[in-house]
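In the part that follows, the structures are each spelled out as structure tokens.
In the two complexes that follow, subunit A is the common piece, with subunit B as its partner first and subunit C second.
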Partner chain A sequence: MNPIFIAALSLALVAGSAARAAAPAASEIIGKVLDADPWGLAGAEVDARVIKRDKRNSTEELAFHAISRKYAPPLAKSLVRFSAPADLAGSGFLQTQKDKGDDERYLYLPELKRARRIAGSLRANAFMGTDFSFADMDRRDLRDGASTVKGEEKIGKYACWIVETTPLKKGDSEYGRIVMWVREDNFVPLRMQMFDKAQVLLKTLTTEEVRRVGGTWFITRSKMVNHREQHQTELTLTKVQPKNDVPEDQFTVRNLEKQ
Partner chain B sequence: MTSGNGRVAAALLSAALGVALAARGDERGPDVPPSSPASGADDATSDVVERIDDGNPTTSESPKPQVFAATAPANEERFSLRGFLLAQGIAGLGKAGDPLPNGAPSPLTVPYDGLHERTQLFLELKFARKGAFEAVVSGLAGYDWYDREVQGSSGPFDNLHAGQSRGTWDPQLREAYAGVYWSRLDLRLGQQRLAWGRADSRSPNDVLNAYDLRDPLLLEQELTHLPTPLARVDLDLGAVTLQLVGSPVFVPDRFDVYGSNWALVQPGSPALFRGLLGVAARAVDPAEEEALQPLLSATTRPKGNLTEPTGGARLAIAFPGVDFDAYYHYGFDGLPNLQFDPRAAAALSQVNLAEATPGSLLSALGQLGGLPFTSTYVRRHHLGFDLQTTVGPFALRLDAGHDSAKVFFNKDLTGFVSKAFEGVLSVEYQTGDIGKTIIVELTGLHLSDPPPTGGLLFHKQDLLGLAGVARWTFADRLELELRGEGSARPQSFLVRPQIALKFERFWIKAGAVLVAGAAGSLGDYYQRNDSLYVTLKQSL
Partner chain C sequence: MMARYLRWLLTHRKWLLVVLALTMGLAVWSALHLRIRFSVRDFYDYPGNPEVAVVDAYHKDFGDPGGFVTVLIESKDVFARPVLEYIELLTHALEPDQTFSHVISLTNAKAIYADGDAVMVGTLLSPIPADDAGIERAKRAATTSNLLRRRLVSPDATATAILAEMRVPVAQASIEEQGAAIEAVNRVLAAHPAPAGVALRVTGAPTIEVEGSRLLIVDQMVFFPVAILIMFGFLFVTFRSAHGIALPFAAVLTALTWTFGIYPLFGRPVDMISSAIPATLLVYGAVDPIFVLTRFLEKLEAGLSREDALIAAYRELGMPCFLTSFTTALGFFSFATMKLPTIANFGWVVGIGVSLAWVTTMTVLPLLLGTLPVPKRRYAGNTLTLWVDARIVGFWEFVRTRTKPIMAITLVVLVVGGWASTKQLISSSHVGMLPPGGVREGVEQMEKKLTGVLRTAILIEGPEGSMKKPEVLRAISRLDDTARKYDFVESTVSLATLVAEENQAFNGGDPKERVIPKSQMLIAQYLSMLGPDERSDFVDSSYSRTHIRILSEDTGSHIWHRMADEMKVAIDRELKPLGIKGTITGFAGVIVPVLDEMIVDMIWGFFIGFAVIVGVEWIIFRSLRIALISVIPNILPALACFVVIAIFGIPLRIGTTLFLSVSIGGLFNTTIHIAARARQRMAEGETDPDAIMEHSLRKVGPPALFTAVILSAGFSVFTLSRFPDLKTFGVLAVTVLITGFFSDMLVTSVMMRLFFDFKQPGRPAAAETLQNPPATPQISSAA
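Let's turn to the complex of A and B:
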């Protein structure tokens, strides 16, 4: 056999395997997912509509406006202001993620005219009655978990890495593990499966629509199915503006109490 | 390398790179999806939308996107409107008192409303220009209809619609203020509700706004305080926020003196007051009694001409995990200091109040040359602080305050003024869902001055109590709530168990108000106010 051909073939094989090996490490994928912030929770201004649907198919709608800002990446601050349902209109929620210790959270209710500190340990509880828990929003399990790449799979026509994350702080998390299908081309998770500590599938988050706005990809329509409760929550971002310059003073209790 | 071999090697190298790039799946970087419908023509920043089809059905409702923009519109303006329409029926379970032996109504018998229908429309309109300006106006249109029990009725529902009925309008301008906001400074001018303190039931530091005490258990939480004309400045100093408030006008607590179920004068009040007010009330149509209440509750109010201003400051410090507030306020206690002219008491002691007429009272009191009582408001300094933190699923709050002068009622309804310390230790079990919460509060009060020999109405020199609310929602629709307050010495409780059903914006609530206590307690004083109620509420 021609030695040049053998050498070239070897080079090609090495290059190919090198390319496959070039799939980023799981921690790098998670880091890029968090940095990309496709949920619009860390450097964006969004308007969102949420439809809660129970097993009898009866629905309830929430609407909110949210601003967020990274202050010590990947840590972020966010402020959510509800406009629907009517009995929640004017309520506000302020969250400051903390690297160590519980996140700081405040809830403002207009009928009380005061902001109340909300326990940061309530990560397993539903956020405003939706199927999203506080843990789903603070992404601490992803930040602090141990992740491994389990393989690749296509969702629709998009190649995805399958990344499994095990939260390290067992007592702090409601999940035993999280499996995430991350699009290889833009680091947007197209599917997330959350398992409880008995490894029973608890919830599935499915991405139904993504948009690139100003160079940033956002999940603009998604659905969280709670298999245990037979509930689901549909989240639609009706407005997205990537913003890295929301002033720091917007994320204060003083601002939260400005209705 | 020969030229022929070079071409082969170059071709193979290209092939190898192609394999490598194919393995990566994208040769244009992470921002540009290879399969994007628009990706063939766009760059990495142009807007693209993709629908993900993984074979599963998508959501059934998908609102059309409105705005997706990389830059925010300047000076965004927002109007918002919220409010509620409420109808509430209250059926009293108590009894009206006895008439005179001859069957005629006795002026010593305090009126009792067997039925009360409350209708309220509350609206709040807000205009905000993004981050810089805000204007808020809210108002309440209320109408209350009462059916007064006939004296001598044998029990609840014995005389439905057989008594005297009356209706009163209750229009209120709630908040009306404008706020201008800068990066570090907020300025708000106008009528405002500004909540100081952390406690859920009644914070000792919540001294800026007056209380509406006309129905302590059934008023909507938003309506339990009266907004007050205020100038408010908030200065952001980083972890510390300084708030300054001032007001040219004093607004006292609002309560009925006579004629309604939660009025100050009750069957346990001295005969002198019951008789005097009973005879006076006979002189006017029941529908006009409402107009008398301000006169009865205050004969002398602090002047609203800037000569008796009130003002204070709050220093808020946000420590990691702990919020601390310190308060100072120089103002007036919200309750009137009622003093009865001893000459009037002597004169009235000569009158048989059970059979008195307005004429005979006027004759007896005529020599006084004025009202038989005075009702004034006392100046006081208020100092206080609060703390809040969280431990596990619990929120802990501590409120403490000291007033240099606070008004209490003697058992003869005259005022007793003392320095007072108050504290509330609050533990809230949180779930993250406002429909599922349990709050327990330990309340304490200490008066610096010993009460007079006859004792105080509702209070002792030291009083420990409990207050709280337990609310739990099932299946997003059914809500059970128990709210109440009580004390151990003297034993007293006011509780309100309630069941509610929620349909989108509409609530149906039903419950009971239960009041009881040992002699001299608040529960004993208002013991006949046990009642059942139904509330229909439409959020707007």
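Let's turn to the complex of A and C:
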């Protein structure tokens, strides 16, 4: 065999191995994604607009203001207050993530005039009628699941790692598998596919716009499509500010009940 | 003319046999495309039905609660931990199967209820609580929730269900896809045996369709061979030769093959109604060839050459065969005018089949008679004919002296039958159509423990946002209550139910708070908590369309109509003043009225066919008197059946009403023959009415008896059906044919004797010239 060919082949193999070796471990990627918090769910102040669109293309809009802070990273507390539509204005939701056991959640409905603790296994439930479930918000599946790097792929001009996560707790998650395309340069997921337990694609979350604010990358426009329900939710962060100094007393039931 | 035709036929026999073989090949190829499908949708889905669009749109918006393969789980307490663990195991085992889009069970069903200060939201029992108190709380919540009780758990907690919703909706799924779904469930059950004390049963709409289709095929595998065996036996007794068996079979089977070659052109599957076609055609189609063969053998016996015997037999029987086939086909074609495709299809196919049977009697049979060797064994049917003849002489002697009492009895039967026919209970039942056995028992057990398969929906439509209004939800709640008054209603679920239960949950679980709140804002806030999948079960995203889902036991359509009628009044009372529209739809809303309409259609079809045949008689005999005389003896058998139906309390359903089509096909023939014979005798110069009638009865009686016996024996195969309605159809068909024979022999003869104009010599009519052929000419063999 031609020695030059053998040398070239060896170089190519070495280069390939080096490239693979350069890919961090799946847990590392997930950790960095959670730490980067591109959704603004842990340590940010956000104003957001949500458009829900059903299969008949009729739409419904929501608007909310959310504050959050990390209290035992990656765990966070968050408070969401709705301002639209009119009949939902003033409603609020307070969540404290827990490492073990259920997250603590309170819902304030202005007409009831006091907050109610929301308990039970609601991770598969939708968050305020959107296509985002509580499981999508608490990111526990990513935190606790078994992840592997499945390869690399470009989305647009951005090189991404493809990370596949299998939620650990059977029955607790609505998903059988989550596949995420994570930008290699800033750990922002550009696409997430959530498969049901029959491994049929259930939802796709697509990042449509990212912005760097105060050194943090945020997904400022995204779209979650529920393929089974032919329903979608477009989420736009109209204002986002990284902020990890929101006072602790903002995340109390008493504050939730203040309109 | 007949002689010329037969000679031409025999001269071109080789070419005709080639054409015959080609058409048979083509027909077999076409018939291979036939589908057998017991699909309830086939009963109501037809272009002219405006309800189909409504129900399809409804199902698209809110789903079909019947579209599940259901595992019914029974135990002393389905909330016992081992049972719950088993349910969870089965749920997890079914979830990965791509056949299903959702698997819902007690362990993953979503619920909302109060637990102390907390509002419990999410899956009811996933994960299964570690403490028994948690299970007890979930049990209390499930058995008291109108959203879950009866739908997923029995009120006494001894039964629950795992609902596996097919990814391809049941309404669109093929039998194979539904069978695969059932198989998938059975595989999981086989891999995970139930713990002690737990009984399992696979049921649900797909099992009904799959098992129904399988049993239709099983029925066919019984009907057809048994009908052939009966024909075989009859032909053997009559002819005692292979020739005598093979030739009528060849003629009728050719007609049958042609018919089933044409069938796929109608674009419909073989369903429960059309499954009766093969045996019906086999029976009707065999009669004419038997008579032609008999007459042919008689002529041979009389010393004619084969060709002469053939021509003589056809000269005598060609027109009667045409006439009886024509009236029979006409009777069936009258069903083709019905708007329901399954009935119209039945009418078309049987009408065409009867016509083709006449064609084969006129083509295939003479070709074979003229081609195959003449049997060595001589015709032995005469002995039987002579015996029947002797009985008829005695019979007429008895009848002619008692015409008035017989007429009086006839009138009584007419009045009683007429009264009975007005007292018929039209009551379709979806479950009642099912054959006894596992599937039906499963459905009945589901009805007993959880909910029935009858799904009625009230589609409620109004302006955008109207479904959040308290007054609208309260009106819906009152409609719920109206439906719940009926014992056969097992569960009603609506947006009002959901909002009331949310209100209760947010008010500490106080039962008094299971009401619609007064504040529209609060209702909106409750509803905002629902995800797209949950909300789409109840209301559309613009809050302009919602529904009430009523699940009930299938106790017959007459009871359902009572509820539906009251619901219509309640809709007008509750919703109209609010500017909201309510429409009764859903599976029951579309199928029940259609099934009942189909029955009414069949009754109308019978009367239309009856009138058409009476009209044809008027034309062919050129006598209104004869046409009118034929009405009473031919209506009597149908009325007799109505009396039987009334006595045994049989509700009129599609299958049971099918006997009317047999009446149309099987009646009138003997009346036509008797009238034709009487006029022939008069034309021959006989003037004594008694002698004319005796002659007519003696000539027509034996073949009429043979026909009645053949047809009755043939239709008796339906009593072997697995489907109760087809079984009843068999009994009623035999009843109508036997009573038809006696009615003709007794009532027709008496009415002819009393009302026929014996003084006026018979005018030439089509029927007479063919019943009274000129003397058989001696024709030399063409060979």
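Just a few scattered comments:
The working rule: the second predicted complex is superposed on the first by the 238 of 259 C-alpha atoms of A that agree within 3 Å, B and C clash if a C-alpha of one lies under 4 Å from a C-alpha of the other, contacts with A are read in each partner's own complex, and residues count from 1 in each chain.
One rule holds for everything that comes next: contacts are C-beta pairs under 8 Å (C-beta built on N, C-alpha and C of every residue); 3 or more make two chains touch, one makes a residue touch a chain.
Predicted model only: the values in this text are computed from it and were never measured.
For the composite obtained by superposing both complexes on subunit A, the positions of subunit B and subunit C are in clash. Legend: residue contacts after superposition of the two complexes on their common chain; A:P74 is shown touching neither subunit B nor subunit C.
By the touch criterion defined above, A:L190 lies against subunit B but remains apart from subunit C after alignment on the C-alpha atoms of chain A.
Touch criterion not met for A:P24: it reaches neither subunit B nor subunit C. Contacts of A:K52 after superposition on the shared chain: both subunit B and subunit C are touched.
With both structures placed on the common chain, the touch criterion links A:S121 to subunit B and to subunit C. Looking at the shared chain after the overlay, A:D131 reaches subunit C, while subunit B stays out of its contact range. In the superposition on chain A, A:G214 contacts subunit B only, with no contact to subunit C. Comparing subunit C and subunit B on the residues of subunit A they touch gives the larger count to B. Two complexes overlaid on chain A leave one subunit C stretch from 97-105, 421-429 or 511-519 clashing with subunit B, and it is 511-519.
Touching of subunit A by both subunit B and subunit C, each in its own complex, is seen for residues 52, 54, 60, 85, 87, 107, 109-112, 116-122, 125-126, 128-129. Those residues of subunit A that touch subunit B in the complex are listed here as 4-5, 7-9, 11-16, 18-20, 22-23, 32, 45, 47, 49, 51-52, 54, 60, 83, 85-87, 89-90, 101-102, 104, 107, 109-114, 116-122, 125-129, 134, 155-159, 183-187, 190-191, 206-215, 217, 220-221, 223, 234, 236-243, 247, 249-250, 252-254, 258-259. Looking at the complex, you find that subunit B touches subunit A at residues 1, 5, 8-9, 12-13, 15-17, 19-26, 30-35, 44-56, 58-59, 61-63, 65-72, 80, 82, 84, 124, 126, 128, 131, 134, 136, 179, 181, 183-184, 186, 193-195, 198, 220-222, 234, 236, 241, 316, 318, 320-321, 323, 388-395, 430-435, 475-476, 504-505, 507, 539-540.
For subunit C in complex with subunit A, the residues that touch the partner chain are 88, 92, 95-98, 100-101, 107-108, 110, 115, 117-123, 126-127, 167, 468, 506, 517, 519-522, 524-536, 540-542. On the side of subunit A, the complex with subunit C involves touching residues 52, 54, 56, 58-60, 85, 87-88, 91, 107, 109-112, 116-126, 128-131, 133, 169-172, 176, 196-200, 226, 228-229, 231.
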